[in-house]
Amino acid sequence: MTLLATHGLTRRFGGLVALSNVSVAVEEGEILGVIGPNGAGKTTFINLITGHLEPTAGTVSFDGRDITGRKPWDIAHVGIARTFQIVKPFRGMTARENVAVSFMFARDGRRPVADCISQAEQILERVGLRAKTQAVPNELSVADLKRLELAKALAMRPRLLFLDEVMGGLRSQEMDESIALIKSLSKEGVTIVAIEHVMKAIMAISTSVLVMHEGKVLMRGSPDEVSRDERVIKAYFGEKFAKRMRRARG
Amino acid sequence: MAQFLQATVYGLLQGSLYALVAVGFSLVWGVMNIVNLAHGAFVIMGAYVALEANLTFGLDPLIGMLIAAMALFVFGYLVQRLLINLVVNAPIWMTLLLTFGLELFCVNVLIAVATGDYRSIATSYAARGFSMGSVRVPYGRLISFVLAITLTAALAAFMNRTRTGQAIRATGMDRVTARLMGINVRNIYAVTFGIAAALAAACGALIGMVGTFSPPGAGALTLRSFVIAVLGGLGNMWGALAGGLLLGAVEAWGGQYLSGTLVNAISFGVLILVLIVRPTGLLGRPFYEARVEV
Amino acid sequence: MTGRRIALVAAGASLVYAALAPTFTTGSLLRTLGSIFMFATLAQAWNVIGGFAGYASFGNVVFFGLGGYVVAVLMAKARWGFWPSLLVAIVFGVVFAVLIGLPVLRLRGHYFAIATLGVAEGTREVVLNMPRLTGGGSGITIPALGTRATTPYPGNRAFYYYFLVLLVAATAVVWLISRSRFGYALRAIHQDEDAAGAVGIDTTRAKTAAFAISGGLTAAAGAIFAFQQVTIYPERLFSVEITVLFVVMAVIGGTGTVAGPVVGAVALQFLSEYLRSHYLEFHTLIFGAIIIVAVVFLPQGSVSFVREAIAERRLPLLDNVRRNRL
């Protein structure tokens, strides 16, 4: 069943159209990869859905309910979580407290502070930060910060998780660990929408891929279809290369 | 009607002085994200420098203006370089607190040295004027008006056409990248602050020429600069000019019909309204809405 | 004994001393202590919105003034007693905070600070221009003597205790906040407001609540102060210097901590009294210099400074400079 659907989602900044008439449906349980050149509007797309930006036009519905333009915390409470492309940890708190805060305000009711702190430990263990629970963000590496960002999102026990370029800056092994983690999350029933530039990762995890370009949806298909589509190649590599590929294929 | 016209003209002339005070303030805020609560104190300091030049050397305040500007440029440069630069990366209201302390310090040094009396710089020509119909225009104020606009235009030209000006603008847009491009940010910040202080001092000399000044008046000048900077959009030179003229006119009209202190309350009301409805200022650009809040 | 234990014992001892002080100290020291308690309360109240939530209000004095004027007007014009007036003053402070918060809490950083400053200044002007209700520039006098008084004037010792109780209440509130979900919410908002919203914190509600608590406590202090002064004037009760004074106290002591504002208030008030009696003309000038030094070297406040010093066994004086410099 369709978990999330956008209709004609548009966002303008003065004269600049960042997102234009984007209509996408995300099925429950799938992993939707979102790719596209820089400036395609991928992060804007997430921001509009999660309430960090207001749409200029269009609607968003989740599980049948209209959530267009709702505040970020309302979005969190219906079960949507996100990570930020440039990580946003709470800089004065330890990793454990960072995750505990997510627990405290998650959707299913109030929990005492002490409980949240101990639950946080479990989540940190899952993302591989067991050794760093008392560290503050200043002391964490890029990979660890990305893990923390993910842990904060997981603590919200979301039904839908938006990942914004979680693979950026990771080494090959770290990337494999992340891919495994995302796959296991999907098996637990979390629907995932992942923006990525790293092709290897997207092709490995996605059940379906959405390609965006200049604020619009270019196409949607299986990873295989998308990697062969000429329009996609042209968008990423330019007209010349696309022509060359066409000639090469004969 | 004649009264209204006189008030309007007077308001615009006064407003040009407010604008000149505000231009530097807006520049510092726009480029460095520093709200300098001591800005008004710089104005008064400049006025005293010009006064001294006049009393001791008999120099006309228009020349005293240049001396004041140079003196305060050095002062402002040192204050930024040696003091304010130390807290630039702290939470932003720390700089507010720091400049507040600076204001208390400077104003009270002035009071200790020069007393809190009202002073002014006497010239033979400032009070004389001419009449356009029923409206009287004093020469002193006319000269200040012209100078204020000229200096604003000069500043705009400086920012757009000189290397230093471009460096300042670049640093204002992206400090990290500016550094990577080889710009000495510590120096640029200090130069920017120095320029703002110099303009404030020049304005102080002009204020001394057309009216009176005293150390406790610094706060009101700073507050007006704030309102004007917000109205005109941060870092927007022409916006500050327009804002200053507008504020001057509104104050003059208000003064005609309302008790003096209530006019202040109105300025604040307008300020808050602008902050809520259009935080980028009346002349600011909406695209920057999308920028990450620093 | 751990550091925590030492702190608790020290706090307990000070409280006992404070409670017993009136029996063996003179009037002037009592008044000094009373004003320290009042400023500590103001700093503590500011701490909730400025220290925890990170919304540095430069206009909290507006609640102080409104609290004082509500009590004065009710007692002088409507012939109410002090205690019901105090209650109304607190409610007024809370409601005013919520209403003003609606537009003003949407602003961040400098804009918020100056907007609150504008509210304080604007409110003072309004109070000044309503002479029939507030007495305008000539002030308003609470009937405190003889048969005209609706509540008999309590006297020095009583006011000492009122301020002490208020301070204890304010500190207790801040202590409770620091350990609660609400405290975490405020800290999250301070450290990254966008991320706070994304994890489910209703930032608007949290900020408004913090501002309301701050307003209510500040109004209570203003109410007691007005009664103590008997005659009050707008310039005194809405003076921006008062705001900056308690902000500096909170900063020097340590924002976001429970003990910080109290420490800062004690230190600064004693310093202020000393300066006033020895260097009257240069008092404000030196105060300005102190603010500058405090911001440069102790932006995190003395409480954190001392904690770090004990933990690292050295004086991290230049650390803050290195951290914050350009």
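Each chain gets a letter, A, B and C, in the order it is written, and its residues are counted from 1.
One rule holds for everything that comes next: a contact is a pair of C-beta atoms (placed from the backbone, for glycine too) under 8 Å apart; a residue touches a chain by one contact, two chains touch by 3 or more.
These figures come from a predicted structure and were not determined experimentally.
Pairwise, the chains sharing the most contacting C-beta pairs are B-C. Farthest chain from chain C (centres taken as the mean of C-alpha atoms): A. Chain A and chain C have Cα centroids lying 43 Å from one another. Chain A and chain B have centres, each the mean of its CA atoms, that are 47 Å apart. Between the Cα centres of chain B and chain C there is a gap of 32 Å. For chain A in complex with chain C, the touching residues are 50-52, 71-73, 76-77, 81-82, 84, 88-93, 97, 100-102, 104-107, 110, 113, 152, 155-156. Those residues of chain C whose C-beta lies close enough to touch chain B in the complex are 54, 56, 58, 103-104, 106-111, 113-115, 118-119, 121-122, 125-126, 128-129, 244, 247-248, 251, 281-282, 284-285, 287-292, 295-296, 299, 320-321, 323-326.
Chain contact summary for the complex, chain B toward chain C: residues 29, 33, 35, 83, 85-94, 96-98, 100-106, 108-109, 112, 185-186, 189, 223, 226, 230, 259, 261-262, 264-265, 268-269, 271-272, 275-276, 279, 293-294. Looking at the complex, you find that chain C touches chain A at residues 179-181, 184-185, 187-188, 190-192, 194-204.
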